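Okay, so subunit A shows up in both of these, paired with subunit B first and subunit C after.
This part shows the complex of A and B:
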């Protein structure tokens, strides 16, 4: 495949958590537990998972905005975990981010022009005001904002427009990697698809690379080339988009896909609504062995005793002892 | 007779910038054991319609028209009459259960209060009933859970607790406002399965307010689509998805990324954005974004009328074939 841009190897992010009470014992929350994946230049890597899977912790680590307990984060071959804040500073322009709640992420006291131009002011201090303004206006047009809106304030904009402002602010410094944190999940249905299309066009035009973090599997299918599935801080499966959606290998991916609502009553009502078993275990007390085994219809004793490694199966990677047997229909399914 | 009959319901809010007409001339009914899906985006009026039915409008809101529960007019009742009605005959659950639960009281205490107040039960009887209600929504270890505080539950469990609380008094009508929007898809599926089960087991009528067409497709019997404070289409669920007759419904269905269809390079979209209720366009609120717009659409709002004389209603002047908006970007 194409050139490697960002490589995450054996990343751990652990937080010590103290139990209630004066003498409560300290337990380790393994928010990210031995996670490895790679991002190639020009691709969109989708990262999916539900609450508590470690998505937010992972993205803070990727951006070096949060801690990394162990493991390696390499961006264009440079080890980021060795860099302090000051040494990270020049790399900030290469790593930009857009957020779930566009309005909350924009300063209400700044005009749109100031918001979008701010990163330029910080990262290209030699640029004169006129050139800065020119770059701001050009980008505003490109993301679908009107140049005459440059002096308005963020709260005067709808959610979809505010997300366009957020995208312009991130792109103005021409980053190499754009990390998107649930960028469309707070938007109205009719606006969501506009923003997804815009992100896809910008990627092609500007040769951008995206890490697209979302819980909405239908949107991810649209935008991502490859997908990483997380559960309780661990990678369950990594696969090319088409393979993942057509033939998910991990029982968790299968459950997740079976739970996505289908906007067609005939198809929706043929599905078993009981596909989802059990509840997410506490991240402070994850199951032994495979993290998903307590909800997995195929779990065996081995799953409780031995943690499955992420291994190559077919064209992707999966962390399941029984992936082949499940794919071939040989695995025994526990009755729900 | 329908359990709930809403006629010509309007909601307006007095604001510093003048009156905002959030809901205009809504007509809808709900039968026992039926799930009515209410679909719309922000500002469509979908939540305000049902808050007014519950008598829960903000202070500056005023509802007019008629809402009949079992034949009895309930719109604009006194607070005292309403609070009897709300606990006993209809309940409402919200997107964020934490806003409706008291963080300082145990779940058991909150559930017992409802029963002591509405059913005049003793504490012991109330506790027993609370355990039954938690068991009905499949919360395991119900007895132990009664002494827990809301923050000790996961998001999905909290929503189950809310549903259990709403069910304590066997309400005839349960209004659910985006009950699964804040939840993960797997938990959403479990909650939808639960709602579906409740309507079958207890004959509860359910109003399911959502922006998600997939949620509606899963359990609704009938669907009403709202836009800009108006109902623009209403039909039995299969008719709505297979034979929609409103350009907005078409646009909405076309722009949802979906797993049951081949992936396309570009998603069809609806241009523009939903209208601001404070500055509504004249005529049809969807006209500025509509691919079939005609001159008269900008002059007067089309009435909600029966398509083919049946139960399928829509508010649109355009009578030609749909399908032309496909691929609009």
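This part shows the complex of A and C:
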């Protein structure tokens, strides 16, 4: 693996939640619970998980746009959790983000040119207006917008075009890491692949590194090199894309993959993996031991008593006591 | 420009409806301007009614009245003999406009910044203290606040005059302006805090922060403009009621404003006076709402384009 760019270690993000009533006690919502992973220069790290598993909270913490309760966030060896908003500001040159809802993320009172050029005004104040405009137009062309649309307002664009504006806005300062929070989940299927292809082209062209969040495994499979699987704010598995999709180690990953529809019914019938069952437990009151044990077909007493650590298994890392046994087909399936 | 012209022309039918409705409703009310406790001699009453054209058929009176208004004449007052309604308005309105304008200005200069600070320092003392104060300010009516202020600052401490207009001397203005302005400060602060909190949570503000803009730019360039929208919708009608005076404040401080003309006029069936004040209110409401709509367009390009 190449050089380390961003390292997350033992990150916690907790929100105090007060119960209803005058004397309701305060409980901790562990949105992110002891999460660690590394992002290497030039790779695309996919993060997947059901809604409510803490994906967006994780991204906001990475960007220092949201809280981080404990743990360490290091970008190019610099600790970010020590920096306040002001000290963070120059670093925004290197760390940019694309948002989930492209239209709502753009200030409706600004023209496209103003939106895309604004980061330059803030982060490169010495640049004169003419060269700024030049860079805005060049980037608009690159992401597939027409330069003559520069004076239009954001709400005059479709969702796909708005996301192209969002991409241009993020790339104008030439960041090193681009964090994408479900950038295509709000788009039509046909537009979705166009935007993903654009992101992939830009990655090669500009040597970008991505952290790419999605709840849609198909787009992650398309773009990611490695994948982190989150469940209830904890890491279940980290593996290379091909290994993960071919031979998932964690029972939760297996279930997520089993939920992807297979177009060919003959193939679908041969599928062995079971579908995700049960409801997501409340993050206010997570199960003891392994967070996934309440929905896991292989759960044993040990899973209730001891929280499985994230450990190296084969090519990746997995947090499951029975990973090897499951892989070798030795694990006993509880009657479901 | 075309938008403004269209709105001004559109205001004419609205005004006509206001005039027509209030004209006939006023006439439908029992009694008249010359109904007194001791009945007037029939001949005197007939002369008076003839002088003011009250003996003509209603439709003729209505037509005549419309003609007068069109030439800017609200007619003579029935109760304040020898004075025209135009004179009464000219006399009273500047008093109310001065007090109301200063109260509005004070509310804008104090209430809006308080609300913004409360929103930026949400759930701290900077938020709780002004918001608790504002709740008190909204809850206590001005007929309680004003006498209390008089009692403390005028009667006990002798710092300020207890009442009167004093020809507009600043000394005489302070208490009425403060009494009228306090609830406005409170209301604007709460309104501003609410809209600012909402805007600060919107996705495009998160984008602005992610861009790497300094917090000052995020607030001044991205958050403030949309947050001002509710304030403007509130200010349109609120400015009219404030500028045209509060009968309560006028009574308590003995101010020669137009509020008392309105009330006295209504009680005495002073047809022309009531009509004059009503039409004035109507015109001001229309004008200020137009101003608010123009300001919307200035603050939000989406309004301009549609």
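Here is the rule we use: the second predicted complex is superposed on the first by the 324 of 336 C-alpha atoms of A that agree within 3 Å, B and C clash if a C-alpha of one lies under 4 Å from a C-alpha of the other, contacts with A are read in each partner's own complex, and residues count from 1 in each chain.
Heads up, the rule we're going with is that contacts are C-beta pairs under 8 Å (C-beta built on N, C-alpha and C of every residue); 3 or more make two chains touch, one makes a residue touch a chain.
Just so it is clear, the structure is predicted and the values come from calculations on it, not from any experiment.
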Open item on the list: Looking at A:204 after the superposition, I want to know if it touches subunit B, subunit C, both of them or none. Which is it: first, second, both, neither?
Closed with: neither
TODO: Mind working out whether A:269 is in touch with subunit B, subunit C, both or neither, as first, second, both or neither?
DONE: first
- [ ] Examine A:217 and indicate which partner it touches, taking first as subunit B and second as subunit C; both and neither are also allowed.
- [x] first
Open item on the list: Tell me the contact category for A:153 with respect to subunit B and subunit C: first, second, both or neither.
Closed with: second
- [ ] Please work out whether A:173 is in contact with subunit B alone, subunit C alone, both, or neither, and reply first, second, both or neither.
- [x] second
Open item on the list: Residues of subunit A touched by subunit B versus by subunit C: which partner has the larger set?
Closed with: B
Task: First (subunit B), second (subunit C), both or neither touched by A:256 - done: first
TODO: Please indicate which partner A:99 is in contact with in the superposed arrangement: first for subunit B, second for subunit C, both, or neither.
DONE: second
Open item on the list: Applying the document's contact rule, which stretches of subunit A touch subunit C when the two form their complex?
Closed with: 63, 65, 85-86, 89-93, 96-97, 99, 101, 104-109, 118-119, 122-123, 153, 155, 166, 169-170, 173
Task: Interface residues, subunit A side, partner subunit B - complex - done: 50-51, 158-161, 188-194, 196-197, 200, 215-219, 221-222, 241-242, 245, 255-269, 273-276, 279-280
- [ ] Quick one: which bits of subunit C touch subunit A in the complex? Just the residue numbers, please.
- [x] 202-204, 206-215, 217, 222, 225-226, 299-302, 305
TODO: Give every residue of subunit B touching subunit A within the complex, in rising order.
DONE: 41-42, 154-157, 184-190, 192-193, 196, 211-218, 220, 237-238, 241, 251-253, 255-260, 263, 265-271, 273-274, 289, 329
